[in-house]
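Next up: the structures, one after another.
Each of the two complexes below includes subunit A, the first together with subunit B, the second together with subunit C.
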Partner chain A sequence: MNGTRLWAYAAGIGVLAALIVLPQGLKPYGISLLSRWAVMAIAAVGLNLTLGYAGQISLAQAAFLGIGAYTTAILTTHGWPFWSALLLAGGLGFGIGWLLGYPALRVQHHYLAFVTLAFMTMAYLIFRNEAWLTGGVFGINRVPRPSLLGWPATKPLAYYYVCLGALAIVLAGSWWMIRSPWGRAFVALRENPRRAMSLGVDIRAYTLLAFAFGAALGCIAGVFFAPLVEFVDPSAFTLADSLGLLLMVVVGGSGYFFGPLLGAMVAVLLPEWLRMAQGLYLIYYAVFVMVLMVFCPSGILGLFDKILRSLSRSAPLAVRKEAQR
Partner chain B sequence: MSAVLEVSDLRKSFGGITAVDGVSLSVAESEIVGVIGPNGSGKSTLFDCILGQLLPTAGTVRVDGREVTGMRPCDLNRLGVSRTFQMLQVFPQLSVRENLILAGQEHRGSMLRRLMGAGDAGLSGAAQRMIEFFRLQHLADEFAGELSYGQQKLLDVAMAFMSGPRLVLLDEPAGGVNLTMLATLRERLRDINREQRATFVVIEHNMDFVMSLCSRIIVLAQGRVICEGAPETVRADPQVIEAYLGH
Partner chain C sequence: MAGLLQLLVSGLATGATYALVAIGFTLLWQTSQTINFAQGEFVMLPAFMVLAAMRFLDLSLWPALALGAVGSLLLLGAMFKKLLVDPLLRHGVLPLVIATIGLSILAKETVKNYYSGEAQRFPALISGDTIPMGGAVLSVQDLINLGVAVTAVVLLQLFLARTETGRRMQATAQNRTVAAILGINVERMILYTFLLNAALVCLAAYLITPVYLATYSIGEGLGLVAFTAAIVGGFNQVRGAIVGGFIVGIAENLTAVYVSTQYRTAVPLLLLVAIILFRPQGLLGRVEERTT
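Take a look at the complex of A and B:
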């Protein structure tokens, strides 16, 4: 058990070192890809909280990404500081996510999916049609990158470190939450709400919190997304993008702490590796997902878990505990 | 002796079917009361109405003299009322220990304190004692879903006691449990009853189990109480025999 833990720490430090050092030698395009990964991973970590841990399906994560991105674009192009956008977007996401949680108190599964889908569609229409606020289909140009305590993070590499730092903070925060009694209550909510309720778990509060925190992280990802691409338009926040985020969570391993990081990596990098396939890329991705779902519905980390489990019986438990709790 | 649980004239209809038809009962502190009756006599519906899982059509439920009719199960649980379900209800993706900690964590402090406080909510010790009490030591860190049916059943019952409840409603605790484990279960329930003065209401089909555990038995048939009394009185009652054996 202790060996597994040591090994997990070593792997974690190795990955972190690679994420810090590797981009030094990359061209701006590679750096922007990694930045995109970090930003999408934040949104996916949020969705994993709602879907993976608390078991509440949401097809609206891209809407929150959009709300965060537009909030940032509008505020910062009007001269407000980046931090004000971060605070406002986080608060907005929490509030709207909380409200979106109410339908989940009444409907579940695919009915809930439809409710969140309706919200997604509505948000997209607002992004596209309310031109006075969002710039409509032309979007908002020249979203500035922030400076941190007087240090301008405008160069791609500098901004990448900002995104990576944000991801690290988000991960630390959600790790804390998942390991607190809240995390246990979220899992109970996912597995058996009726029983959880009879044990004193306030299902209503935890459902709303799961939506609120998931949405807030979606918005925070949007806050970092807007300055990254320096241009915000509605085409980045469609239902397809919500489904993309959902896939990141599912492919990585829904309910596994590091699942969304892996899923986001696959979703961001796979199109690049499959570039030569051009139009066929989506078909390859679809086939990959289908094969994964048939053989391992619990995603890549689930597959990893399965392999470890077949190797020995005591190890997987420890790994699962490290990964999942 | 004051009544821990007092149900008066409770009714529950589903469309044209009346599942519980004017049930009144009173359970005193540290009593162990059995509720028996043929299938479909309204036992589980009665439990669901008492515990806020279902809203009764009419009637009232009082716990320690306080009216709790229609109160949310989680709030009722914090008042010291706990239950188990007829169907096995543990959390398969949590370990035995985690299941027990979960079962006790919502009873102290605020939501915020639960977020900011220790991961085990200060319940590791209590969970360990419960594990030893129900002899689940060798399984403490296994996923609950990987336990045998009987072991899960023991865990299910143990979870109901993690919050130190005053009143516990057990819905068929003996169903599908082998004889050895049944003896353990009966022994543990008696211990808790004696040491913590906890009050039990037990729905059970296993007559030996219910007759040997309970001091008083309530018999339901077609949503009504048809007989009430000591095990031997109930066993000899012609109405009870008729309800079970038919005309």
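Take a look at the complex of A and C:
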């Protein structure tokens, strides 16, 4: 336990306290933004598992967000309980993600990017065109917010805590997973698949698992997304949204545990704090992404890491190093 | 039957322009491992440069087209390479992909915010009508597009295969290290490739926008198509990109009429996933082994 580590814990606790206390004083709009951040962060954490830890590129995370959201919208508007949607969407995500992983066993890099991109486009077309199931371009209205154990989470603030709780559970789960032999196998797969194989890591199974877990988290994010906006339509699940999620992960720092949270913050919350029009912000954001890639492809956390390392010779803040040990 | 002919011709015409975009995409990948996610926006930008030149500088069409072409060569060719690709190459493929995604957002949002979010009419280079032929009605615009694009592709192939510079460029694409050892100025050849790509997307822009109108979002579909065509044909083959472009153009048109307009974009993609899974090197591609 050294100084840097202590600071990291202190900062973590401070952020958590702020996330719990701060929204008390916010207007409903601010609360809904924070909830959106929490939901997007869940999806980004999932993508970070696939991309950051296992090194498999996926351009389809918004498709899984959509599958989760539509599953929830369809089930809950037909009177099914929220829990059933959560279970079904998680299972669907895991299953479809597993199947989507198969091409990754055969092809890499740009081909894989393309297979996931094709899947994304197909999913969007199905959301838009199969009106009997998804309501087509008009979407599904009045998605109810759940009540948990008899406690109705319909008010924005209450639902925010639901999203925050979900994020916390997801984070705890993935923290556990990254430090488990599974997580280490993922990193081995990213760093050097051949060596991983020669050390007895079943790279087939772990590649598929990386996709399955990432996709399942995408779907779970979708489950919380639908009741948050109370309305689901295809425009929220386009290729652009997938690319946006990819940018979140990379900007925050892919392969860093807290990278996706930071990336989601930059993409979802920052434009509001800066009080900027969406289009103008996107221009600055795009330039920032390009400059960041040129100078520090490991993202904002990677940049912190670099600075910290040059300031002192103490162990880096990176949780990534933790998983590699 | 006449309907089929009509569809084939318009499919070939779109396919030929797709091929232009796909060839550029493939060339960039070959020489510098750049997967350009902004390739579609690269087609959109020259059109808006021309429109801006006509609106703000009061130029007539042809000088504006020339200015647009020069602008594309500088901006999408030289500056794209110097400012974005060169510093990023050493980081590997993914950061460059992310940066080009950023670039595509930048291009779209800049045009949308500072020019217009609405579709703009783009003047046709040669005004044409339709000509009846054996019961089918063929659009002159389509025929001209087909002719121009095919000529461009043939010239490009001749350039790459017959001229000294073209052969040097091919050598660079196949193996940089050996090319450098043989005394080829590799950096310069790569720059030529980027300029060539800029010229190709510019030409594609001038052919496509009179038909489909100029919108800030036209690149989204086009980039996807270029990627598709490149993969259908084989990522490492210029010939492949041409065949890929035509296949995608025709497949799209036939699907729209005989299967469903709603899933028009889906068919090329499905075709492609099948190809990736069963013939990852593409229809005409070689199995790729890179040492770097």
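Here is the rule we use: the second predicted complex is superposed on the first by the 307 of 325 C-alpha atoms of A that agree within 3 Å, B and C clash if a C-alpha of one lies under 4 Å from a C-alpha of the other, contacts with A are read in each partner's own complex, and residues count from 1 in each chain.
Going forward, a residue touches a chain if its C-beta (ideal position, glycine included) is under 8 Å from a C-beta of that chain, and two chains touch if they have at least 3 such contacts.
Treat the numbers as computed from the prediction; the structure is a model and nothing was measured.
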Just checking: does A:191 make contact with subunit B only, subunit C only, both, or neither of them? Give me first, second, both or neither.
first
With the two structures laid over each other on chain A, which partner does A:30 touch: subunit B (first), subunit C (second), both, or neither?
neither
For A:201, using the defined touch cut-off, is the partner it touches subunit B, subunit C, both, or neither? Pick first, second, both or neither.
first
Quick one: classify A:121 as touching subunit B (first), subunit C (second), both or neither.
second
Count the residues of subunit A touched by subunit B and by subunit C, then name the partner with the higher count.
C
Touched partner set for A:180, first subunit B, second subunit C, both or neither
first
Go through the superposed model and pick first if A:129 touches only subunit B, second if only subunit C, both, or neither.
second
Is A:144 touching anything from subunit B or subunit C once the two structures are fitted on A? First, second, both or neither.
neither
Parts of subunit A lying in touch with subunit C, wherever the complex brings them together
57, 103, 106-107, 109-111, 113-115, 117-119, 121-122, 125, 128-129, 239-240, 243, 246-247, 250, 279-280, 282-283, 285-287, 289-290, 293-294, 297
Which part of subunit C faces subunit A closely enough to touch in the complex?
29, 35, 37, 84, 87-88, 91-99, 101-103, 105-106, 109-110, 112-113, 220, 224, 227-228, 231, 235, 262-263, 265-266, 269-270, 272-273, 276-277, 280
Which residues, counting only subunit A, touch subunit B once they are in their complex?
177, 179-182, 184-185, 187-188, 191-192, 194-203, 205, 255, 317, 321, 324-325
Which residues, counting only subunit B, touch subunit A once they are in their complex?
51, 53, 72-74, 77-78, 82-83, 85, 89-95, 98, 101-103, 105-107, 111, 114-117, 119-121, 141-143, 159-160, 162-163
